[in-house]
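In what comes next, subunit A is part of two complexes: it sits with subunit B in the first one and with subunit C in the second one.
Up next, the complex of A and B:
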């Protein structure tokens, strides 16, 4: 663990940026069709509940990172195995996020540029940030949080003023009934992005004002849920459900449809800025979690030196993980959201929490 | 035995070298060698040490002819006030001859100190080190025959530049005085503004050879003690032969060398320094330069001007927004042009795109080369304008305007749009209130141009991310550089890019000033014109109607 101190507000900002990260760009909960926004709102509630699980775990061991308390809870052998599995998971997801980003960028702006170059540049920036430590990432987050919301407000005003929103596109509500919505919630949106908040428990021990963590966390998850739901509702009401389902990046399509005074058109830059910022924080926090886990598990003294090899692994993994974008997406749906996410983000933490309860009850009795 | 001699010669040479090295180290460092009692020896030593320099004046005067007690007044011409020396030292010694005969119990040294030297600040100098220190600073040393101590009287003076309006940081409204090269004057200028005994000044000598006066100024109770201690410690750590400008100090005490951004603020304006002292900052004054350093510095300071506080709040706020915009323009305007024309034509509105494309039809270079040519030639022009004698200035502007502006466009080497971009960038760069940040924006601009030429807007955005990471990673005396934006300190946000009315800026910057005293504005100072409305009697109003 490095010597760092983070404020509750910084945690809130990081959590928010992390949750919005890639989720705001891609069509999430689109399985629920017009009711995607309802599904997101419901999973926000689930996200808050999940956050309480992570928060309780943190409460049991406020000084320790997940890697450390896993050893305490499961014993040295199993704890280390689980911690190592988590490191692999973090690296893998970080690579996936990077791949997502690269494919996105290539598909709408840099058709002829090799994926490798785009990803290399991005990982270099992330490595630079991680070199500077978590405090700097948190402060950068604060800066970009303002920028992101400024862009969002401007974009929102532009969309409204260009008269694109047709709320009738959202009707009829609950066309396919509650079951479809809940199905989407349980299989998809509960984990990504809300369950991913578990990754941030890596930085929980750094936070100074421990009393505010709870509120910062809830605020972050609720606000990100509302934002995501709003974005999805706007996407559908602007594009219509057909286009929104088919579009790879509905937000981009929405932004591109802005046309005002024959001058403000094709505001792809807005999308690109929010994409780079969002993905940057998502990938770097996963990356940071991997680095922090490795440092503690293998008792490294200088975490900043670990950044290079792990960064290299993530970079190459992001290229070799799949041969094409469709393969990458299929892998994501079949492997990641079906097995990895439920296990690492929900089952394992809940299991750990159960053990922690039992262990601490024993201790109290003694 | 020639070899034997050779060896001896070598050892002799080595000895000589060693001696030379020793004397080199000893330049200006006499340790605590005491003074000899004989006046002649003392004068000879001073003469030999100063190499019989022409400006070292030694005036002998008899104190008692019969007893043969002589004194000598030593000073350096030009840096001391000759009139004071004549009136209050030499004249006084001659007038008070044989004074000691009336007070036989008293020591001659004491008599001279107490009664003959008619000046305010008189010091006893026990050794050569202090004698030379005083002498070289422009003070006068009085040597007395038979005494192993000397007297030092403060007679600093000599020619100085008078107080003028500062050349940098010009304001429309605000005081017109600027710092000078004399540290004494500068301290006085600040003290005149803050008439409070808690304004503390610490003096130290820095520089092995130059022995430059460097002083720390802060308001006790408002400045954070840890920061003052840190400044003091960093200054004490300096070991260099010369300090010729505050830039030397800046480079030796700053937190991060490998950055284009200044982590110490410098200013020529006493009101600026006073304002910063009142916010809890520490000023570092260096003798010989009108530029005073201020620590700790945050990034947002470079977008603020003293005039913001003298004018109306709304204007100040909008000007600050303008300056932030200016900063971004001067960084990314050419880069965006490159990115737009090379990579993202679809993002430019069609008509504008056609106009630009038509202009660029004859241009033989890609946009990056075009921009690079223009930017570099502008930088050359600018450098020429700064360094050339004033008389040649008009020639440069003609050459610049004609050759670079008109001829290059007519020849089809660059497009008019590019000239416009370069001109806007240049003006934006000049409009940045702080020269230090304008310079760093100049350098960064080229990096952004390269990024844009290779990766378009993606490159620019990544560049901005790196810039943000870099800025947030900087610290100035332990204070994060982008405070109060990141880490966000809500109560300090009133005086950042915003400048709220003075009555609402209730506290001093949290991370910079001392925790004990953070209140700046007491109580509710919001002007309440309600009470003054009553001053106009209602009857009169009715009568007028």
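Up next, the complex of A and C:
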């Protein structure tokens, strides 16, 4: 474990950037059709509950990272196996996020550039940032948070003032009923992005003002939930349900439709910048979790040296993971959100928490 | 020292790689396409027409000395069995790289719109990274898209710009046509309870003459482009054209009119007054009565009297209220004319079905399947118009009124 100190506000910013990350760019919860925004709002509530699970776990072991308390809770052997599985999971998701980044850039801007080049350049930036440590990432987060919100607010004003929003497109509400909405919540949006907050438990021990963690966490999840829901509602009301469903990146299409006063148009760069910022933090934090886990599990002294080999693994994984973007998405839905996320983000933490409860009660009785 | 020189080498290495010229496109190598036209050829293939800007001729023209240098745009054509294929084939004739990011107008030939429809051909455009969904779509009324794009236009040198401005200002000031971009068309086409209506453009005069520079070198061009009517689509195919009052009624229901002058009759005298609309909005309200769908079109118009050619005392508010009633009737007639036309071709161009879907989703499930063919033609449409004459311009009574 490196020596670092992070403020509660920085944690809030990191959480928010992490949650928005790639989720704001792709059509999340679109399985619920026009009610995607409702599904996201409901998932936010679920996300807050999940955060309490992670937070309770942290409360039992405020000085330890997940890798460490897994060993304490499950014993040396099983704890190590689970911790190792988590490292693989983090590496895999980090690679997926990197692939998302590359595919997005290639789909709409750098058509002729090979995926490898784009991903390499981006992973180099991430490697550089990680080598500097989590403190630097947190401070970068503060900086980019302002930029991202500035862009978001400007974009929001532009979309509204260009008169594109037709709220009737959101009607009829709940056409397919609550079942569809809850189905989407349980199989999709609860994990991505809200459940993913578990990854941030890796940095919880670094936070100085422990009392504020709870509020920072809840604020981060609620705010990101509202933001995501708002973005999806705007996408659907601007594009209509058909276009929003068929767009690979609905936010891009929405931003592209802005036309104000003959010159405020083609604002693709809004999308581009928010994409780079969001994906940078999402990939970095997953990456960091993998590095931190490996350092502790294999007792490395210098975590910064681990960044290069793991970075290479992520880079190559991001390219070999799928042959096409469609395969990548399909894999994401069928494998990741169906098996990996429920296990690593919900079942395992809840199980660990249960054990922690039992163990600590025993100790109290003694 | 060694470290410093290493960093220096790294710096210069960065210069080489960071210039971002992986797929660099020099400005002088780009053929900026201002408009694209798609036609159907006799043997069932597509024919594309690319209107390419000649940058030097456009700039020269602005400074006043550019006349006679050459046309501001050049036309390239190609045929092929798919949209992408034929456009790429056009590169055999083009000395430059085709660049679609500034393509603002897409013209569809009438024959193509009638026979094959527009659903399929829009896919390639939608998928393309360069092509913008904010490009305006028009239908070549009675002519080929290729002929339409060849016509050179005065005032606005680039014909594509003329088309866009033409549509925009007609929409703002008169209202028989309106601007519709590709995204709107896509939205309309995929909604079950709505069919698109697309503005048409036609050529007045000889197309061949219009493509020559002489066309813009006279004060009265022999060949001009003008917005004419709206094309009604059904299941992606053009089925009918509407024009005049019917077209304005349609645009009115679609709530796209900003400004327009409505002529009305006064005491047996035909069209003696004009009501100038400043603000107008319309709303479609769907209700279900005994299982039967019903639409109420509610229109509110506010404006002033801009012309009156008969003896009438405009200082009397009661007369103005009476006049409001007359105007209301005129607007109502126009709207009903449009609705009748839509019913005749069995295509819900007003989006009434969509309103039902949004507000009565359960009942809509039953109506959905046969909406355009059965339920829409039988639909009861009520029209409520409220007109407010706020003022009468700079004069009160017309001079024909003897006091």
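In this section, the second predicted complex is superposed on the first by the 366 of 366 C-alpha atoms of A that agree within 3 Å, B and C clash if a C-alpha of one lies under 4 Å from a C-alpha of the other, contacts with A are read in each partner's own complex, and residues count from 1 in each chain.
Here, a contact is a pair of C-beta atoms (placed from the backbone, for glycine too) under 8 Å apart; a residue touches a chain by one contact, two chains touch by 3 or more.
Given the structure is predicted, the values throughout are model-derived calculations rather than measurements.
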Partner chain(s) touched by A:142 [first = subunit B, second = subunit C, both, neither]: first
First (subunit B), second (subunit C), both or neither touched by A:331: neither
Broader residue contact with subunit A after superposition on the shared chain, subunit B or subunit C: B
Subunit B versus subunit C as contact partner of A:132, first or second or both or neither: first
Which of subunit B and subunit C A:10 touches, first, second, both or neither: first
Partner chain(s) touched by A:171 [first = subunit B, second = subunit C, both, neither]: second
Touched partner set for A:265, first subunit B, second subunit C, both or neither: both
Partner chain in contact with A:109 - subunit B first, subunit C second, else both or neither: both
Which superposed partner A:257 touches (first subunit B, second subunit C, both, neither): second
Touched partner set for A:243, first subunit B, second subunit C, both or neither: second
Footprint overlap on subunit A, comparing subunit B with subunit C: 109-110, 113, 265-266
Complex contact set, residues of subunit B against subunit A: 343-344, 346-347, 349, 455-459, 461-462, 465-466, 468-469, 471-473, 480, 482, 485-488
In the complex, subunit A residues that touch subunit B: 7, 9-10, 105, 109-110, 113, 118, 121-122, 125, 128-129, 132-133, 136-144, 146, 262-263, 265-269, 272-273, 276-277, 280
Subunit C - residues contacting subunit A, complex: 22-23, 101, 129, 132-134, 183, 186-187, 190-191, 354-355, 357-359, 361, 364
Interface residues, subunit A side, partner subunit C - complex: 107-113, 117, 168, 171-172, 175, 239-240, 242-243, 253, 256-257, 259, 265-266
